[in-house]
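Next come two complexes, and both contain chain A; in the first it sits with chain B, in the second with chain C.
== the complex of A and B ==
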């Protein structure tokens, strides 16, 4: 069975016949091979080009479906539904509706680069996962993922000051995702740390919170980066055929924001 | 031995000024003890990490190139050493992209000019990891000669993580024969800590992923991945996991606690930077290499082992 026909063996698509006789033989029961005739018409022919227009997706056309990426995948070992090979196939076929079934897990790629390491065709599947996750959000198919929000909190800080101060990143992320800072494990970790952390280091880390570490003379770099980011966002939105400004905030997918 | 590695530009990166402070402290202390010179890159910036790469890979290339531009052009160094796997990986990736992708060269040139500094060009500097640095500048024999406190009672699992070895194409010097580092079976940390007297256990998850990318955004996944590592290390008979990356290190420490709190799974294996272990072997005091700065409390442990 071709990989894109996986839908036929989903439980809801299995055919059941309580009494079925064919050429004098009783074939009652569940039959995944009894396929009703069907016509697939909802191909999105632009899908592959759209993914390829986003950073990381450039080489998707090179895939020859060997499956090495999925075989090596860290996340696949935890969740068999996380299947880069399958998603690359769906994108290349333009089977958008099938792809959307997995829209809430694609962002979970941990960027361990095992797929890119083993890929014989330089597809850079890790990049394709990032491009696909971006695409889903830009198109408004799902709200921004926690990973995307983390990337944004982090990048905004780097663009603004040239450096990262981890306390600020942590607080910014919890705030933007509406989570409490008093997570049991986080509190426990800090307690253990404080048990033996030298006062001098505490003062250094505390000061970093007040006086943000920054790269001197960063204004020029900041302006250059911000101009570039804006340019790229415009280019990406054009490539995806979007004309409205991007959604902002955690809970506003584009489709809702546009209403 | 590589004479040129005896004095290198030092790029600590953001994590080493925060959660990875003990790695910064121990790297500098070990360098000093070994008579190696580290000159910090002036007014450095973030390498872009994975987060900026996710926003735009070329922007990450630019950020990393600025660091290399300062080290090479302003400071005149031919080698920059980054102990953080993330920084090391990103400088290597920028080097590869600038040598092979004209679009990246164009973006970096444009942004550098606008930002007001010289454009870094591929080939102007070599990026090395702290492991390369000690392995090439001092070597196993050098460690043995300077050994003051053998790690002979310690069973260590060496954990290298993802960014030190993958993807292969950004590390052209690896997999070049027995003296070079291997991307599938990395051994530089094994070599150095074995020379320091430790018993290196056979650890199958040397280059498995700790889920560092989603340590906060998908914490359950990270906790599961870290638990795999901690349990495999214990099953291999290790008392300590040696690390060489601040993100892996704090991820292991953090999710060891989280696994206890959320999944009720307790693991006892200690987590120490390889530079901390090497420092102890060279006769440095635990506080000098920041053992007290780790979350994973190893003070009593190193004393029990006669290393304090």
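== the complex of A and C ==
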């Protein structure tokens, strides 16, 4: 039997015919309104396995829907639509379309880990949120988030040299997120820095940018890390049924991401 | 007591009472209506028991052996009592074959009857061959066959277990919780996942009542180690599209109607009062409580006492009961029969 609770009726599920006549009776407009069924007709067991294959999602199958995570959630306090308990359920039952309705807010988790501490079953909901956000990106439902782009710039640099050069990280991040290098706050910061004439710092920064020093004996570590990362990414792509590697960074426009 | 104790019913409670009495030198007569001892776990072909995971035929079989081979226990199978009269310490029972037994006391260990799922036709039992009961799944395991769809013998890919079939349902006059079905269902779900790792198992529940230590050993374990899924929904009906069974209901957590295809639907059937309870009540002169189980005279002061002095009760005859609690009650009732009968008689004189 259909469930008609007004709050559950979605505008896209309302069907109305502008001109409709049934057995000689004009039922145009709202007289012909139908509410499309919201019936769940199947479970998709693959979805839970996909999320569980991504880092953080491993314990999703433990959830018994008590709602402690949502109760504790920092973001939920500001946005009642941010509901980890609900999304965990949608993933577990494979209600993918329902999950995608919230694709633009799932990534907003601030990783405060309050849910991790209250969860009686050690589901680690924060990890599940991270895995779900990652899943949305890998599947192309969302463009890469700024934090993902930052992580990429950061780790690419570490993988290459074993070191971090902040100026380079910042430039890379701004470039990939399409931000200007002459932002007011950055210009102001550099101006104030220059007032002190930090000659030694400028020499170090300058040299680091020209020479790009590496950690001694980094080649071996780099090979091991790259092998591991490749292995993990291949495993994740396989688990998600993706046969080609995801496009990187900002080169991937939103329109293509949504294909 | 010189006279034997009459024990009615050879299940876990009755076997325990007979063994307990024999172990302190007391004779008993064990009357069993079926042709063999063991009660529901043996007669219904249960597989591995909760919580020991021992096979029923080994665990209960051992209890049968130590009673059947005991000279102090007079076992009468395929036998019933048709008349019962007398006072505590001096009862006379007339059996179906017209023989009589002089007994000092009687212990009713008459157990329960499995709920008949035909009484809930909307859930498809009796209409579709692939709708089965927990008892049938137990038999699939205990026979060594494994879980298969009865219609064509295929291995199911998706199984639904419906809880509270014949329990907690005013529509059919079953207002009690049958106590064991949640734990049994968790156990069955794990066994299915163990035998068929590609088969997904869904349990539809109103509440999960895996009480006490069964919580983590069954409910948690089934979720955490065996990935059994639990959905809070009382199923409205089970139909078929010609190929699969269609389970309809409301998923209360997402407030949406569901119509999900399944290969096999399992009814977690409850424990009814024994169908013979009205007869037993009139023969033994004991009162029944409101649900039709044999009424206990006291909760705290007298173990296993019924409304009639000298007649005691143990196990699932009093209401839905686990095997281990039935065993404890069988021992308690044996003690009460031994100690209580002469004392009650002395007080009466």
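A few comments on the model shown:
The rule is short, and it goes like this: the second predicted complex is superposed on the first by the 180 of 259 C-alpha atoms of A that agree within 3 Å, B and C clash if a C-alpha of one lies under 4 Å from a C-alpha of the other, contacts with A are read in each partner's own complex, and residues count from 1 in each chain.
The working rule: a residue touches a chain if its C-beta (ideal position, glycine included) is under 8 Å from a C-beta of that chain, and two chains touch if they have at least 3 such contacts.
These figures come from a predicted structure and were not determined experimentally.
Applying the stated contact rule after C-alpha superposition, one finds that A:130 touches chain B and leaves chain C untouched. Of the two partner chains placed by the overlay, only chain B lies in contact with A:201; chain C stays clear of it.
Once chain A of one complex is fitted onto chain A of the other, the partner contacts of A:23 are absent, as it touches neither chain B nor chain C.
Once chain A of one complex is fitted onto chain A of the other, the partner contacts of A:37 are limited to chain C, with no touch recorded for chain B. Legend: residue contacts after superposition of the two complexes on their common chain; A:98 is shown touching chain C, with no touch to chain B.
Of the two partner chains placed around the shared chain by superposition, chain B is the only one that A:193 touches, whereas chain C remains out of contact.
Counting the residues of chain A touched by each of chain B and chain C gives the higher count for B. By the touch criterion stated above, A:167 is placed in contact with chain B alone, chain C being left untouched. By the touch rule above, chain C contacts chain A in their complex via residues 158, 200, 202, 220, 223-224, 227, 229-232, 236, 250-251, 253-261.
Those residues of chain A that touch chain C in the complex are listed here as 1-3, 5, 8, 37-43, 45, 61-62, 64-65, 86, 89-90, 92-93, 95, 98, 121.
Only residues 14-15, 17-19, 21, 43-46, 48-52, 54-59, 62-63, 66, 107, 110-111, 114-116, 162-163, 166-168, 183, 208-209, 211-214, 216-218, 221-222, 224-225, 253-254, 257-258, 260-262, 287, 292-293, 295, 297, 299 of chain B touch chain A when the two sit together in their complex. By the touch criterion stated above, chain A contacts chain B in their complex at residues 55-56, 74-75, 78, 108, 110-114, 116-117, 127, 130, 145-152, 154-155, 158, 162-167, 170, 173-174, 177, 184-185, 188-189, 192-193, 195-198, 201, 204-205, 208, 213, 215-218, 220-221, 223-225, 227-229, 232.
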